[in-house]
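Each of the next two complexes has chain A plus one other chain: chain B in the first, chain C in the second.
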Partner chain A sequence: MQGGTSVRLYGLEWPKESARISRVLDLLVAAILFLAVSGAFHLHYMLTAGDWDMWIDWKDRQWWVTLSPIMAITFPAALQYVFWTKFRLPIAATFAVVCLLFGQWINRYFGFHLWSYFPMSEVIPALLIPGALVLDVALLLTGNFLFTAMSGAFAFALLFYPTNWFWLAPYRLPVEVMGQLVSVGDYISYAFTRTALPEYIRLIERGTLRTFGGHSAIIASFFSAFVSILMYLAWWHIGMLLARVVTTPNTLKNFMGLTDKDEPAEAAQKAIDGTSLQGRFVAAE
Partner chain B sequence: MSITMTHNAKSAAEDRTQPLANFKLAAGVTLAVLALMVFWRIFQQVYAWSAGLDSTEPAFDVAWMTLLKVELSVIPLLWVVTWAYLWFTRDRNLGALKPREELRRYFNLVLFIFIYALCVWFATSFFAEQDASWHQVVVRDTSFTPSHIVLFYGTMPLYVLFGVGSFLYAMTRLPKFATQISIPFVLAVVGPFLILPNLGYNEWGHAFFLMEEVFSYPLHWGFVVMGWSVLALGGLLIQIAMHMLEVIGRLSQEDEVSVATQR
Partner chain C sequence: MRTFCFRKSSRLLVILSAAAAIMQIGILTFVPDAALAHGERNQEPFLRMRTAHFYDVNWSTNEIPVNGEIVVTGKFRLFPIWPVNLPLPEAAFLGNGTPGPVLARTESYINGVPAIQSTKLELNRDYEFKTVLKGRVPGHHHVHPMINVMGAGPLLGPGNWLTVTGNESDFKLPIKTLSGETIDNLETWGLGRVFFWHGLWVAIAIVWLVWWLRRPLLLPRFRALTEKGGDRSQLVTSTDRLFGAGLLVATILIVFFGFQATDIAYPRTVPLQGSRATVEPLPEVPEQVKVVVNKSNYDVPGRSLRMNVTLTNNGSTSAQLGEFLTSNQRFINHEVSQAMAAVDPNYPKELLPPNGLKVSDSRPLKPGETKTVDIEAADAAWETERLSSLINDPDNTLGGLLFFYDEHGKRTISNVSGPMVPVFTDPDNRTAENPKGGPG
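Up next, the complex of A and B:
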């Protein structure tokens, strides 16, 4: 390709125009990925663990701790497959979680607070970034999805409760309301009525948890860590499945006015099979 | 012969001065989409509390049902016009497509997918979770709530417009997508589209047996599975990158020939 001088990009010498094409494409793909992952991951999370994430009184020591990491490790695992195996980028989990949090914070402010008038203190989303960083580091150090599942996914779930504990602590303080002892979090959600949801305390505090004293969150965390390992393995493979380039012949081809001479050259078709992306960048030079 | 080659070299040089893609059109459509999203959100802010609390009120009919009717007539019209335009202006001689034009079309496709992703984000993130907050403000007395009218009958049909549009663009203007149907592309377009039929199940469930709005109830899991298919965009983007690399390779060869001819 013409262009006179070459530039160095991603450790390779590129003709100027190729470098420009590559940069523009990178920016567009990054924007698409951010929007698509934010949208899809947010939809997935809000409809599987969202209630626990949306409301302060739902952030209990049993189900919130159990369910949130199990549902949150899905997209990070799937994206880790794509980012790591195709591009050697060890940032997928953090990227996915930041996308999720972006969607959540925008929504809690513009939707829950500005439109529906819930106080922000009632609708703060959980923090997931530290666990995601550990998950990425685990993959970077081990370079293996099985070891990442056993160490990183385990840590992702175990870190969830301690990560959130520091900002949640004030909402766990006891307060007496009309002769009843409740937490500040419970009371906030009692005061700001939800028309289609009972107070969580009526659903969850049935007495059996009391037998575990103060360590029910720890038990829930370890159980969550165990299931997160399995979820990580499953979603790594879902990522593998959805990132596959599979095609099927277009049976409408003739109807569209195309003929066999419109087929891409067989040699060109072969050239795109079985070569790594980076290898093909070099080949294109 | 040499005159023809000189002419080819000239036209190749002129070709290089053309923009890489139709960025102006893409920027215009992106701004229009953003303006529409802002309009919807402001409409909700103004009319949800004043006219959206009781579906039997005449004010509800004036504000909200009017918006619904406009959405249900304008967006399907946009479907027909856009998709028909893409189909009837299809390239019927893809075999003669020059590499540089093909590369330009790939960039246009990526821009098309960007606008699709933008609409998907507004639907599945911004307006979807907002729906959870509105259900906790007003007891649901209709399927056409102020949040549903924007989410299900506004933003979702809008992303269908761009999803199917981008698929048709690729199928009618790019040789590899014309001869081989890309399964990741099909998944990335059809999956989010199927959220709309799943809405029927959602409304049926809420009308018959579940008045509560716990978001994580199994009634909503159909939406989740459809949302997963957005991940197939990963496979599609890899496929597009692979195709573009192959086109760049052909472009390099073409340029080398043109340089040799000039000498």
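Up next, the complex of A and C:
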């Protein structure tokens, strides 16, 4: 930047007033985007991986670990396309998961805890921030969406389980209830009942994944990491499609004798060639 | 003029909105019963008539303090004429129908087997249940026993009102883990760790976001990327890359060492438990009285269910029809003293239709005797409980249990089921006392 009536931003001259308005716009857009992404991403995540993320007795070593990163990498990937290609900002993934976490905590605290009486220990959302940070830094350092998919998206899923184990472990301590072995998480959800969500609804640890070293979370994480790469690529392109400004050529204006100001020569040529209706009138004259 | 109209209508809209809001608050405040019951009447009649029939249900108390206990016991029979559009109870769970977790469930059993897991149940068999609940949220709550059946949803038993007094903040649900930790209260267990880790990562994320947000953001960056003269090297500098790389290393190190530290802090953990319990039904008791429904009508204007049934006593003692139970409504035959005596004086009155059950011939059915009688269960409950909407169901078959008593008061239970034909007008003026109709 420099003194006087203008400032230099990223190599370009800006009037001071314009730069100031632009900064106000930054803050306004950031606030609006924060709320919009919070709502949209939260809705998407609840519809696709909601119960696993919601309840302490759904956070298993197989489905939760597999599905959560696959469903959570969607918005970060799409936003990364827009943020990076249009603004060179490597913060989209972190921004998206912070928005998601904000929406989740608001929903869990006001909706589930205060309104519906569930204890907070039953409805803790998963942490996705470390994976998102790695995804953003991967894009920053490689500058390439393919390498970001292979390294960042892979790490996004691999980091999911260890990241969440920090806070989840106390809920996996063993307790004896009515002569049965259950985890603390199982007992919390048994005690604080979900009237319409009984035990059998849970989709937890099925199949024989646990034969791989006795711990299904590892193989589930690697499988999730592989699918997350594909999801990242797909959603990067969805971001690309959604960021496109689509216009429809206005053919009616030809009837009015109007032409595009930017392309007078081309329009005139078309008129002469008779390639448009207006042109044919012109040609007839 | 136009502006004036707009302002006037806007003001009217504001006043109407405010009135609606005040009315809503008033309804929620002054009509708590309506707000706190939880839609049991909205279940279709075929669900309530032909799935789980709860009987002998008892609530140990009507009022408990926070941390006080209520024990709900009883039995249920899974009706043999199970609706064809519902899956069989291959997986079922003993729940409790309450407005959310206002009570904490500490124990539950089906036939003495712990019901913390789901189980398979059999049709036309009886089960005994027991649920121990602990007061948590003060208020006036409707408490039902409930069976959740996979694919069929929650099947509610009868509900009774319970008052929980005291302070919610006094609630505690302690437990000791098998690895030695003492948990003072499951409600708050582990939250310190949750808040710490969530807070730490949010703080790191904010640092990363602010690192970029502190510089001119949208239009300047967009112009620099798209216009000639824009300096792209200033958009992402080597300092940015260095900071990013440092953050990457820090993130991986925190995750790695955090995971190790957690494993050391909690060396003995178990995965979520998702097995199925095995529950044997109560010993089968042969049906003493065989019931055949010859005809059944629901009289819409008279709010009355009438059945013409043939009863055959296959037992060695007499049997007297004392009660018709359907959809948690108990129609008691007032002429049978044993049936009247079997009603707990504390049983919810709204589940005991005052008109009871009218039987054309209430005399005991002798062993080996066959008799055809008319039964009438007439009460406004058919409307208030929304059972009359059975006439709108695609599976228009009624179901319930008939309770018979011998001279010693011993009870036997028979299933009763048959197609139901609605009567929209009743020109014959038929009643239980005058089943043939006419002036009477």
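Just so we're on the same page, the second predicted complex is superposed on the first by the 222 of 285 C-alpha atoms of A that agree within 3 Å, B and C clash if a C-alpha of one lies under 4 Å from a C-alpha of the other, contacts with A are read in each partner's own complex, and residues count from 1 in each chain.
Keep this in mind: contacts are C-beta pairs under 8 Å (C-beta built on N, C-alpha and C of every residue); 3 or more make two chains touch, one makes a residue touch a chain.
Worth saying up front: this structure is predicted, and the values here are computed from it rather than measured.
By the touch criterion defined above, A:Gly257 lies against chain B but remains apart from chain C after alignment on the C-alpha atoms of chain A. In the superposition on chain A, contact of A:Gln104 is made with chain B only, not with chain C. Contacts of A:Ala225 after superposition on the shared chain: neither chain B nor chain C is touched.
Contacts of A:Ala92 after superposition on the shared chain: neither chain B nor chain C is touched. By the touch criterion stated above, A:Ser116 is placed in contact with chain B and with chain C alike.
Judged by the touch definition given at the top, the superposed model places A:Ala157 against neither chain B nor chain C. In the superposition on chain A, A:Met54 makes contact with chain B only, while chain C stays out of contact range. Of the two partner chains, both chain B and chain C are touched by A:Leu25. Of the two partner chains placed by the overlay, chain B and chain C both lie in contact with A:Thr195. Counting contacts by the rule stated earlier, residues 25, 29, 86, 116-118, 194-196, 198 of chain A appear in both its interface with chain B and its interface with chain C.
Of all the residues in chain A, the ones that touch chain B in their complex are 1-2, 15, 17-18, 20-21, 24-25, 28-29, 31-33, 35-40, 42-44, 46-52, 54, 75, 78-79, 82, 86, 103-104, 106-107, 110-112, 114-118, 123, 194-198, 238-239, 242-250, 253, 256-259, 261-264, 268, 271-272, 277, 280-281, 283-285.
Remark: chain A residues 9-12, 14, 19, 22-23, 25-26, 29-30, 57-61, 86-91, 94-95, 97-98, 101, 105, 116-121, 124, 127, 129-130, 132-134, 136-138, 140-141, 159, 162-163, 165-167, 169-188, 190-196, 198-202, 204-205 touch chain C in the complex.
Against chain A, the residues of chain C that register as touching in their complex are 38, 91-93, 95-107, 109, 114, 116-118, 136-137, 146, 148, 150, 153-154, 173, 175-179, 181, 183, 186-191, 193-194, 196-198, 201-202, 204-206, 208-209, 212-213, 216-225, 227, 229-232, 234-236, 240-241, 244-245, 247-248, 251-252, 254-256, 258-259, 262-263, 265-266, 268-274. Of all residues in chain B, only 16, 20, 41, 44-45, 48, 90, 92-95, 103, 107, 110-111, 113-114, 117-118, 120-126, 128-130, 132-140, 171-172, 175-176, 178-184, 187, 211-216, 220-221, 223-224, 227-235, 237-239, 241-246, 248-252, 255, 258-259 touch chain A in the complex they form.
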